[in-house]
Amino acid sequence: MWRKNQVRYGMVIDVDKCTGCGACAVACMSENNVGVLPDETDKIRSITWLRVYQIDNGKPFPDTEVAFFPRPCMHCQGGTSGAPGQAFFQEDTDPQEAHTPCVSVCPAIATDYDDATGIVSQIPTRCIGCRYCVAACPYHARYFNWYDVPWPQGTPRGLSPFVSPRMRGVVEKCTFCYARLQRAKNKAFVGGGKVGEMDYQTACTEACPSGAITFGQLQNPAHKVHKLIQSEFAFRLLEKLGTNPKVYYMSKRKWVRMMADNHLSQAKATQAAASGGHK
Amino acid sequence: MDWDRRTFVKFAVGAVIGIHASPLIPKFMDDTAIWTQNWNWVPVPEDGAVAYAHTVNPHTGTGAKAKLIDGRVEGLRAIRVEGNPNHPLSQGGVLPADASALQLLYNSEIRVTKPLLRNRSTGVMTQLSWPQALDLVAGNLANLAKNGQAHMAAALGADPSSTTGQILMRLMQALGSPNVAFTPTPRETMALAGLFMMGQPFLGFDLANANYIVSFGTPLLDGFGAPVAVRKAFAGWRGYPKNQARLVQIEPRASVTASQADQWLACKPGSEGLVALAMCRIMIDEGVYDRAIESAYGWNDADGLPGFKSYLLKNLDRAKTASLAGISLPKLVKMTLAFAKADRAVAVCGPGNSGDPGRLYDFMSVLALNALKGNLGKPGGVVAQQPLPLKSLGGALPEAKPPALAMAGRPFGVNNVHELAQAALAGKPYGLKTLILCGGNFVFNGPQANVMHDLARKTPFVVAITPYMDESAGMADLVLPSTHWLEGWGDSTTPFGSAVSCYGLHRPLVKSVDEAKDGGDILLALAQRLGGPVAAALPFKNLGEAMAKRTQAMGDFKKLAEASYWAQKRPAYGAMRFNTPSGRLELSSRVLRNLLSKGGRDADKTARALGVKAGAQTAFLPHWEEPAAYAEGAAYPLVMQAVPSLRTTWGDEAVTPYMVKILPDTVLANTDKLVVEMHPATAQQLHLQEGDAVLVESSAGSLTAKLTLYAGAAPGMVFVPLGLGHKDFGFQVAGKGMNFNRAVKVTSDPMSGMPIWELTGVSVKKVRG
Amino acid sequence: MRRWFDDLPKYADDSSWWPKGTTRCRPEVFLFWLGLPLTIMAYFGVSAFLVLFKGLNQTNMNDYFAFGVWIVVDLAVIALGAGAFFTSFLNYIIGKTELKPIVNAAVLIGFICYTGAILMLGIDIGQPIRGWFGFWHANVHSMLTEVMFCITTYAIVLCIELLPSVLDNRRIGKVPEFGTFSHNLHTIMIVFAAAGTFLSFFHQGSLGGMFGVLYARPFAFRGHLGIWPMTFFLFVMSAIAAGPSFTTLIVMITEKITAKRLTSHKVKMLMGKISGWLLLVYMVCKSVDTLYWAFIYLPSKGLSVGQMYQMPYGSWLVWAELGLFGWLPVVMLLTPRVRESYGLLFLAMLLNCIGVTLNRFIFTIQSLALPVMPFEKFISYLPTWQEWGVASLVLGHGLLIFMLAYRYLPIFPQEPELNQR
Amino acid sequence: MLPFVFEWQWDIGHIVFFGLFFGVVSVVFGVLGLTILKTILDLWSGKIHSADH
Amino acid sequence: MATHQQGKKQRSRADWLLLVVGLILGSAFGFWITPTILYAEKPQPLQFNHKLHVEQVDKGCKSCHQFRDDGSFSGIPGLATCKSCHSGDEPLGNTPAEKEFMKYLKANKPIPWHVYSRQPDCVFFSHAAHAENAGLECTKCHGQHGKTEKLRPYEYNRLTGYSRDIWGRGPIGLAGPPDRMKMDDCAKCHRENGVNQACFVCHK
């Protein structure tokens, strides 16, 4: 079913601009009160809502080359996936039914799909910690709190009151900094006016020193992201699985696009490469 | 009816059913569930009125915006550090170090809250009151001065251009000690190169407007000048379907910069300067250079000395050079021609990957290349910054009599921390009795950490002025708590390489912990206690007042403090003014010549004595000499270079917990093991495999790490992450990895006298572990 | 002058509690052997305590292996416990009264498996105290919800089905209230059998559905029939195929241990035959499903079977699951000569049970082990001793309950006449 | 989940799922209750069964 | 095997009554014990007369419980707000409560009020959305609190630490606001008015 006029928040990440500095990840953590464990080298238990993956083209010296994939929650939409502008909008008719991989499996409705924003929520206080959603997410965007966070003495003073700190035994994930939309709405309610593109930007988008991240309403022609996702250099992670993510990536480098989706058709990658990929 | 077991059982069964028919069970279930949702060991941050305040992080130069919350009960506190969109350099972007600054500010497990006196033998710390502590230091210094040993007190500071740095300098000078040294930065090297060739100490690269950028071994995207500013420029270079500018990176490793560049020319380590000269040669051969340069002094032979052109034509064969640098000549030529053709091309030099201040002759070579390109003073070229309108804190003070430890035998130069330490340790010409560590955490940051460690250990009385219980504090007899930059006054000046001059300032935004004072205030209070000329040299009540005086020319201080920065409006384009003896661009530096032959000395001898192998024939020209690391001998066959990363460190601040958290396992492996990179082939020769525990050993020190094989690492080299391996800073940071600066060997640049440590000869052996 | 312990034998003599016409070992021997399950339970107790108080960091599960050995064991025992519902279904509803001699045992084993599984699930979730949210705020679209509801309800049904056996104990049965109640229960048992069948069908299926619906996990995902993925039906079939085998297996083991004949071999053969035919059906479907998945579904997602089987979870698993532990037991169980031989029948049923366990392992662990993101690394997983401790619950409390039940309850109606000498 | 819990929706999903669930539950407990009742009545009316003889 | 046994009838009939008696007593016990063990009382740090204050000010509740420019809600006002009237060193009235209050004012020490309507941390309640956008009266959720002359003791749940007003005073807690402020009440109202019911609308 086509639902073009829905507000759908999404993100475009320019891989060619990303220098892997991690400012986005850190900004995200400080915005969302993410804790730090004694041993964070245990990556499979380390909570990083926005994880910056490093990939390389596997070529020998001196043709080796690395690139970075910042990976927030994709806020998958389910439905039928495909090229932006078409199948992207074919989502499940019933938002309750939204076949976001994680939402449909949660037994306790601790995560839902907001039909008004397209954002996938996660409510730690409702979560019972069964981790079915973690198993369902192909992007490893969902993190389970294996430990109670050991806040060093004094550091809770630096926590933000707009995001509730999580307890042990629950799942958490990137929320597109939803608290910022809540505050933006409040401001609109009191001051009048609407929530504009710049009134609601995620912490990572703001922080990125090279402006690699763009955030906005995917279906709103006035928003930057709307134009960006039309580019032939735009692609998504694991498109063919049909998760229908709302996070897009851009790169002129063919090997990056291939790496992003082991299903991505040669054709698409090549055609994009043909038009001025710089490597 | 009679009571027996069965009747009672019936009653009991009834009662049990009855209880289940009451709200007891469901209510208890609900409330226990709610209890798990509100465990009292999960913090509940207090809500309140939100306010923003602009400031500048002096360690990164980032224009920041602190998000403050005024809670009804807990009062004002900072909950976030965001970017300041108005700041001309960082334009709203931040670094990991900025965004996680609060983790250091509020972690009371690592902050120093009261003056502490340490018992060297037992290591026990005892609290002192401020008066006691200050009297202790003042007494010690006064005593030295009385016995004419003032020069035996040395002070190390973070940033000489900051007001606190200025105060420190005046304090020591007035006391009569020449021994003040600061964290070495490429700013000094650039200033010298600029002075020698153009009489311009403040040069910058107009990256934002360039459309062809060649970077000579400097980590443009991993920390260069004000890293955020560079990234903003980089963002402008990118675009779809075609990039707006072309970036060429010349360095031995497939670093982030090399990968994000449009072209990576892998060169031999330390040969970047040589490549710059080769490009000059090619441009001359092809005749694609700005003819204006022919009027420069030293273009042709002059005063019996070879000119730049003839030097290149005679000594720099293209093919040989290319192979020496390990670059294919055709590629180099092609790139050079593109560079020469581009309308807004710039060649960039700067800090090395290991964070060293760079080699003077490399800088000069790159400047010469830019001159050849003819981009001096042009948009997208090399521009001279407008000097910051800063007043000095007072009249000139008399030079201290005894020679400074660091400058022994050098006709000029900057005060070299490393040489200072080594001379003091050797006791030649004299040793130290008192050492003041004012920020910079030298015991960790080095440059050669183990030397600094020894200095702190050997010196009888060590004072550390620091916000944290860091490595320096750990070695000090007296630890004085200074404020975190969000708590106190302070400032920083134009970052390296910036096209416009920019003054950053931070002020108290939140209540400082316990008894911490601004570093500057501590020094001023010390001066007052010392009285006499010292007090007279620093007549300020507090740091704020000193800063106010210094920044008079920048307008109302209160407004300035709230804006948090002063910046030159736009780069100073137009023909560059050369304040050289010849009044022209000097490819063969007369300033340098005069310095070397000062007092009728034989310039050639002096040059050779300093270690300029070529001697006076080329000593004044931009030229290339082999890095010392090559000559380490068979015992140290490999070359070690650091891998800088904004995830590990930038500036002299410690890595924060969040930064540690996001380190990939190619930097810090499970569990907390430092990871070093090596090319698979090199590893094979050494019979090493992925994951081996290795000992990386130089003639100066060593470190152990886990080995990872990376095809993008130049063969014959080993790459070590920079900035890890803290002993302190709490359980989230301490003991993560090892300190690069403990394995590095620092030498001095023959000409600038700056400490350099870009490359170190090392051996890598497999060890158990 | 009597000493205090002279009367002990008298008190300890529990022969009056034994099922009619049976003999059991001496109390002290029995007590001695009780030590085994109690030790296992103690091990479980320590592990469970650690996990509940320190959290799931006591396990080796992580964000990649969201499920671990616990879920594998849960799925396995629930599948093996299916003997309970299917045997009572055949016995009470289809009217295959030949199965009467073994139906009690089947129910008892089912009871053990399900209670064990539920207990473990309670420990497996990160917030056990909030576990009931799954019922109160249920998401009807989640297969897991279906599992939770059906398993719990069916466990209750099992308790009811087991009740008569308890009440028929020689001493308890004497009490008129209990005796009467038990009698009445017997008469109405068909209703519970029906309810049990209904519930079991759905949760056995939903357990498979849990993995079949993970459309972002190409290894586990299967095409749907209506709202249910293929795995739904496959799991039901494999469960009812393995259940009877497992029940018989346990009976046979008990016979060996107690050196008594508890059911006639005819019953066992019948159970074997049932297992065999069901397994045949299952294996046919499973093989078709596997082929479809391997050669039609995976390529459509740009993947290949090769990628799906990486060491240590190599293709040997396929041959093991479908060959050695799949088709082989089918052939064996459908061969009368095999069924007649006690040993071979035992072996065939063992293979059958291993097969279904292996299947559950593959669906739980391997579907998670395979990285879906192109630049993810393969990560392996080994349980901690705490995990093994909790997982061993089923064994411990199973042994305990079964020993007590065998000693005091008339689980095996045929035992008296089979053991007359 | 009961219809007055706010997540409840009157859609096929909920009606079918909980229809069946509560159906089974009521059958099970209904029959169990009836059996208990019958037992009590039997006891009163003296229709007593017991294991021995 | 089944046989009729006479003689036990009388006894069995009578003591079935005991089952019923037990049933009643048991459930009575449950109803009684639930509030008594679960809730504890705390007195407010000092008394406050809402009625009196509302009469003094002109903008009603909003005079002290204000919205900030960024749309957030001040909730219980800080001392600064109080000072706007209680400016002098002398109390305005002569109640003991005010004398007590002056102490806090002089020491500039925040008053540790116990908030009857404090929701748990996971809740994001937007006063702006309700009072400004939907135009609801404060009384809708807070009842006649503004008309009270004194503060009743603050009752909280020993286990959860919540105010009792959230769960409601009734034994089963089925009453809606203002007697109860549980999630079900929020959701009920949202549904009735067709407001978005997604989790993130009210959770953080």
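By letter and in written order, the chains are A, B, C, D and E; residue numbering begins at 1 in each of them.
Here is the rule we go by: a contact is a pair of C-beta atoms (placed from the backbone, for glycine too) under 8 Å apart; a residue touches a chain by one contact, two chains touch by 3 or more.
Predicted model, so just to flag it, every value in this text is computed and none were measured.
Leaving out only subunit B, the chains are still linked to one another by touching in one piece.
Fewest steps needed to get from subunit B to subunit D, stepping only to touching chains, is 2.
For the criterion of most C-beta pairs in contact, the winning chain pair is A-B.
Centrality annotation: A (chain centre taken as mean Cα position, compared with the mean over all protein Cα atoms). Subunit B and subunit E have Cα centroids separated by 55 Å. Per-chain Cα centroids separate subunit C from subunit E by 49 Å.
Work out the mean CA point of subunit A and of subunit B, and you get 33 Å between them.
Centroids built from CA atoms put subunit E at 38 Å from subunit D. Across the assembly, subunit E contributes residues 2, 5, 8, 16, 70, 72, 120-122 that each touch 2 or more other chains.
Among the residues of subunit D, those touching two or more other chains are numbered 5, 7, 13, 43, 47-51. Counting only residues that touch two or more partner chains, subunit B has 6, 32, 35-37, 44, 47.
Residues 1-6, 8-9, 12-13, 16, 183-184, 187-188, 191, 197 of subunit E touch subunit D in their complex. For subunit D in complex with subunit C, the touching residues are 1, 5, 7, 13-14, 17-18, 21, 24-25, 27-28, 31-32, 34-36, 38-39, 42-43, 47-52. Taken together, the subunit C residues at the contact with subunit D in this complex read 135-138, 140-141, 145-146, 149, 153, 156-157, 160, 168-170, 172-185, 188, 191-192, 195, 198-199. Residues 14, 16-17, 19-23, 25-27, 29-31, 33, 36-43, 46, 48, 51-52, 54, 56, 58-62, 64-68, 125, 148-161, 164-167, 206-212, 231, 233, 250, 252, 275-276, 278 of subunit A are the ones that touch subunit B when the two sit in their complex. By the touch criterion given at the top, residues 67, 69-72, 120-122, 124, 126, 128-129, 132-133, 196, 198-201, 203-204 of subunit E touch subunit A in their complex.
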